[in-house]
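Just below sit the structures, each encoded as structure tokens.
One chain, chain A, links the two complexes that follow: it is found with chain B in the first and with chain C in the second.
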Partner chain A sequence: MQKASSVAKTIDRAFHVAAGIAASSPVVFLAGIVTIVVIQAMPSIRFNGWHFLTSLTWNIGNVYGGLEHEHGVTAASGASFGSRVFIVGTLASSVIALLMAVPVSLLTAVVLAYRTRGALRAILSTLVELLAGIPSVVIGLWGMTVLTPWISTQLGPLLSRVGGVIPYLRGPVGTGMGLLASGCVLAVMTIPIITATTRDLLLQVPTLYREGGIGLGMTDWEVVRHICFPCIREGFIGAVALGFGRAMGETMAVLMVSGNAVNLLPQNLYSPTSTMAAFVADQLDSALTDASKMAVHALSELALLLMVLTVATNLAARRLVSLGRRRQWRTGVDAR
Partner chain B sequence: MTGRRRRRRKMNRFLGWGCAWLAAGLVLFCLTDMVGTVLLRGLESFHWRVLWTTTSGSSGGLANALLGTLWLVAISVAMAAPLGILGGVYTAEFAGQRTARVIRFTAEILSGVPSIVIGYFAYLLMVLTWGWGFSALAGGISLTVIMLPYILRSTEASLQQVPLTLREAAWGLGMTRFQTIRYVVVKPAMAGMATGVLLAVAIAMGETAPLLYTAGWSTMNPSLQLTHQPVGYLTYIVYKYIEMPFPDAHALAYSAALVLLMVVLLLNVAVRLVVGHAFVPRFSRGRYRDRKTTEGLGERRGKSSANAVGFDCGRRRVDTEAGRL
Partner chain C sequence: MKRSMRWICTTAGAAGVLTLVAGCGATTGGHTVSAGGSGASNVDHAAGTNHVVASRAQAVTLTETGSSLLYPLFTDQWIQAYKSVDPSVTIEASSTGSGTGISQAVAGTVNIGASDAYMADQQVSQNQGMLNIPLAISAQQVMYNLPGVHGHLHLTGNLLAKIYQGKIQYWDDPAISAANPGLHLPHLAITPVTRSDGSGDTFLFTQFLSDTNPTWKNGPGYGTSVNWPPVHSEVAANGNQGVVTTLAGTKGAIGYVGISWLDNAVAKGLGYAALQNKAGNFVLPTETNIQAAADAATDIPKDERISLIDEPGQNSYPIINFEYAIVNQQQRGATGTALKHFLEWAIDPQGGNAAKYMTPVHFLPLPSKVEPLSQAQIQQIGG
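For the complex of A and B:
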């Protein structure tokens, strides 16, 4: 047998090292992102303290006026950074999105898994995945030109008439740009995520379980409702959490349809709002004009907060999904 | 009595399936309405002229944005593809179980970081601290961070579908690890790896948020200068020009959306058609699909060829589930 030449061995070792370096790049990038964002957020954390989470007003101060010193850091006079509006906006729009997306995607997944097969299933699944591939800015464009006019002229008036007793459904509908529009746009973006994951979970439910249900005389709907849904519960909750994380971090589509409210908590379903991600994207100019750079640091703190929220949600979600996937299905009779 | 009960159950069944089909219809309606709107209005306002004129004021063409998008994607692919593919190879072929888990975990977290945060990070570090200004390189690097986890994971997933017996045969012939990978393992995994890269390109082309703070905007065609020169890109036109009050600007925004959507959809469809539906690693930004193939090489070595049942040259996903039932 011929032994590997020394050249081949050197190449092998070099490749091993190169691949190792490349494999460490996600760690490097992640560490870099966290370090930079935390360091840049420090002045803002010292300047604002807990006030940052509770205050409603975001005001970069008089950028042409004097500078103000507080807690050892400098900001434009009158500056105040509070992110409560954006935290509320982020959570509210994501929750509204999920309220719409969860039933729709669960039912769509049921259709994909149990009511279609062969070419039809492949085509429908591909279409749902294509929806996930549409750039968010195009979804925002659709939201701006199709969705918001529809909300302001049809859906809004209808909802406020039908659900007039519920406080959040009442009230002036306005331009249609606001919480409801953001929720709809986010729903469109989360539906493909939840649907694809749920469909795979449903396909993993053992046929024997479903056949058992049929054998007991259940209708096919009862089998889905009472056997398949309980089977996929953990995984499905994980999929929903995954969608939630995605919805919170979404920027462009929300930026285009939310109405970009500042210093204003949403009063009803139609009032303008803003999310953390959209606000960071929106504030480029303020970051450029503030001489004390405190606006940059405050946005950095907002970005940090957003990152912590989404990463925590994602981790929890992945944990749940993998719990649901790893589940060992026991089928048949124990032949012991 | 039993008749009423039976009728109620029948009603429930119809109601349930009715709602299900309605939901599926709603999703399809959203998709067609979206694509249809962009197609219709885009075709109305599209003119071939826009492909080779640059933007000026609120009108003009898309040449600068088109070239800018290509330039940014080229930069980011040049960085993300080698890093992701090599990283995926390392995770699948060299790393022990624990290392592989750490890499996979970080890649997952990285893919869950919102794109605007990545853009803002690049702004803080490169545009401000390193003083590159709005530039192609800063934009390219933030797109790299977004693409990297997808490429890494799809490479790893497709390599893991290659059965251990192939490697064992190669090792038995006296090949080194590198030779095994280069001559034996990569070939069947190629389709999956290419798919991962192409889908990452599609994602990168549609990104806006990470570029707002890094690439800036320019109405001039991009030069080859990497720093200190802002670059235009297609998604910026869609976002900014639709908010302008001029019909010209709207027409330009629709044209840009049309071009963007066509390229991204064609890329998606082509990848799926060429590679075959079943194998495409389906994930979008923020979503990872954990395969059944979570074991590293170390663990696979123990299981040996028992794992290779159902392998189909990387074209189709191994159906481990069917085997177990």
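For the complex of A and C:
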């Protein structure tokens, strides 16, 4: 064995330090971002209290007027910040997206996992994953120029006639910009995530189980429904939650098609709405003109709320997906 | 085991170092930009003893950010033109929004903050030494999508306020018909369109509504983003681009658009209104009418922070404004001199205010009586 030269030792030390810095950066950045957002949000938390979660009105106050002091903090006169419109908008548009994305993703995943093989499967899988790589602004542009006029003139009037019994489907349809359009663009973005995860889960279902089902004379549908799906249930819920987290955090595409309503809740499926992420992106510039800086603090609180919601969803999702994987692995062993 | 311990120690140590570096970076961040400028000038002093000591000979970079309305003037016209005026000065411009322009100029991260709106009193008193220097005149038109309606609709600020309050909901409302005798308007729902992002356009439009409708003045008031009254049919779009696209895609929609977008929007089939001015006449945003309004502006204060909405005069177009350069009067040596020279050139009728730069972006030069005021403010820039 050769003795390490001093040069090699120096290189090794440099390597250790560089690797250490690189490895610690995600932790440092995460901690830094959380700290800054919390510090920035504190004055707003003191100023607004619980009112922030319940109030419908977001008013940065008269920036060109005087200041007011409340709870030891300063804001522009007349300012009051409520995020209910954005919480409702975020949750509603994400749920609508999932209602569309889940069936499509599940069926696509079944086809990819069981009905295709070799080159065809590779090509189709790649296409699904490419869909995830389309920049959201491109999807937003499509939503703005193609989808919203179509909703306004075709889909909306049709739905409001067909579904007249369901209150949320009734008109007026308006510009087409609103909940439904936001849900559609978010569905396009969540489908690849849910599909790819579900396909992987389905591929891990032991072949023996499926063969058993087919041997018993079960139809394709029955095999998927009674054998495959129970095996992947937790993992699938996790995949859906991953999609949900993605949908809640999406900014640009929603900004372009949501109609960005403020101060009022959606009345029906076509109503203009706003999401938390889109609103923060939209309002930061104006908030910077507030001499009291309270508008920026309030946006930080909104960002904090969004961060808590998405991190919680993602954590739950990861936990469920890994539970699902472990369970399959176990059942797989049992099957042998 | 021992090995992994060592790794963890190195990692933890490195994390500490990184935090420290990040912390220092954050606290000294404000200085780094200006330090670059003075560093460059030091080098010049040391090496250039046999130079003629002219500040123009020193290489300086001026940074600009802010208003998306001013951005085309900088990037398509002025930056290129100023290269031949003073090759040693490089100007870097970016389009971020008026609010960002103001706050970055205050923070000292840029030399010029471009803004369609002047700074509020509170901001000025909190940040002493910030100058609001008008560079040009801009205007705004009210646009609508009404197929089959030819000519220009007559609208007043009061009618617009009622539309944006949800009090007028259909185009054939008697109040609109009364202002447009002889014009047949369809029974079509009005979709008011606002700007979702903070915007100088919103500032101008809401100032016009505040000036012409007392309820609006007490209610939402004016600002780069305001507390719009809840109207169910209303949508908000991002940027002038977004407003024009939304208007073009929605029959019965109405919205406000910056003058530099006029040609683009008319090509998409949108109409624009003749607005009622203070004298009671309905006027279009033509060059003559905008100029008339600019010339009618009187009592402009020394700091030039003033609304030009609804100026008197038979032909004055009611929605016009100054486009501002927000500048800190405390500037370091060479940067300050370069900034001063550039701004002097920019407002010069033979320089940056010449028609060949203004016309492509539909701006108008500063009126001759305003230019000396801007000039006096520019002279306050120094060390």
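Keep in mind that, in the parts below, the second predicted complex is superposed on the first by the 327 of 336 C-alpha atoms of A that agree within 3 Å, B and C clash if a C-alpha of one lies under 4 Å from a C-alpha of the other, contacts with A are read in each partner's own complex, and residues count from 1 in each chain.
By definition in this document, contacts are C-beta pairs under 8 Å (C-beta built on N, C-alpha and C of every residue); 3 or more make two chains touch, one makes a residue touch a chain.
A quick note: this is a predicted structure, and the numbers were derived from the prediction, not measured.
Contact with both chain B and chain C is seen for A:Met256 once the two complexes are overlaid on the shared chain.
Once chain A of one complex is fitted onto chain A of the other, the partner contacts of A:Val104 are limited to chain B, with no touch recorded for chain C.
In the superposition on chain A, no contact is made by A:Ser83 with either chain B or chain C.
When the two complexes are overlaid on their common chain A, residue A:Met307 makes contact with chain B while staying clear of chain C. Of the two partner chains, chain B is the only one touched by A:Ala8; chain C is not.
Legend: residue contacts after superposition of the two complexes on their common chain; A:Ser25 is shown touching both chain B and chain C. Using the contact criterion defined above for the overlaid structures, shared-chain residue A:Pro149 touches chain C, although it does not reach chain B. Taking chain B and chain C in turn and counting the residues of chain A each one touches, the greater count comes from B.
Residue contacts after overlaying the shared chain place A:Thr198 against neither chain B nor chain C. When the two structures are aligned on the shared chain, A:Ser271 is found in touch with chain C, with no touch to chain B.
Note: residues 16, 19-21, 23-25, 27, 32, 144-145, 255-256, 284, 287 of chain A belong to the chain B contact set and to the chain C contact set alike, using the contact criterion stated above. On the side of chain A, the complex with chain B involves touching residues 1-4, 8-9, 11-12, 15-16, 18-27, 29-30, 32-33, 36-37, 40, 103-108, 110-112, 115, 122, 124-142, 144-146, 188, 191-193, 195-197, 200, 203-204, 206-208, 219-222, 224-225, 242, 245-246, 248-252, 255-256, 277, 280-281, 284, 287, 296, 299-300, 303, 306-307, 310-311, 314-315, 318, 321-322, 325, 329, 331. Those residues of chain A lying in contact with chain C across their complex are 16-17, 19-21, 23-25, 27-28, 32, 57-60, 62-67, 76, 144-145, 148-149, 152, 172, 174-178, 255-256, 259-264, 267, 271-272, 274, 282-289, 291-292. Per the touch definition, chain B reaches chain A in the complex via residues 9-10, 12-13, 16-17, 19-24, 26-28, 30-31, 33-35, 37-38, 41, 82-91, 93-95, 102-103, 106-110, 112-121, 123-125, 128-129, 145, 148-149, 152, 174-179, 181, 199, 202-203, 205-209, 212-213, 235, 238-239, 242-243, 253-254, 257, 260-261, 264-265, 268-269, 272, 277, 282, 284-290, 292, 321, 324-325. Residue ranges of chain C in contact with chain A, taken from their complex: 7, 10-15, 17-19, 22, 96-100, 102-103, 117, 119-123, 126, 189, 191, 196-199, 221-225, 227-230, 232-238, 242, 245-246, 249-250, 253.
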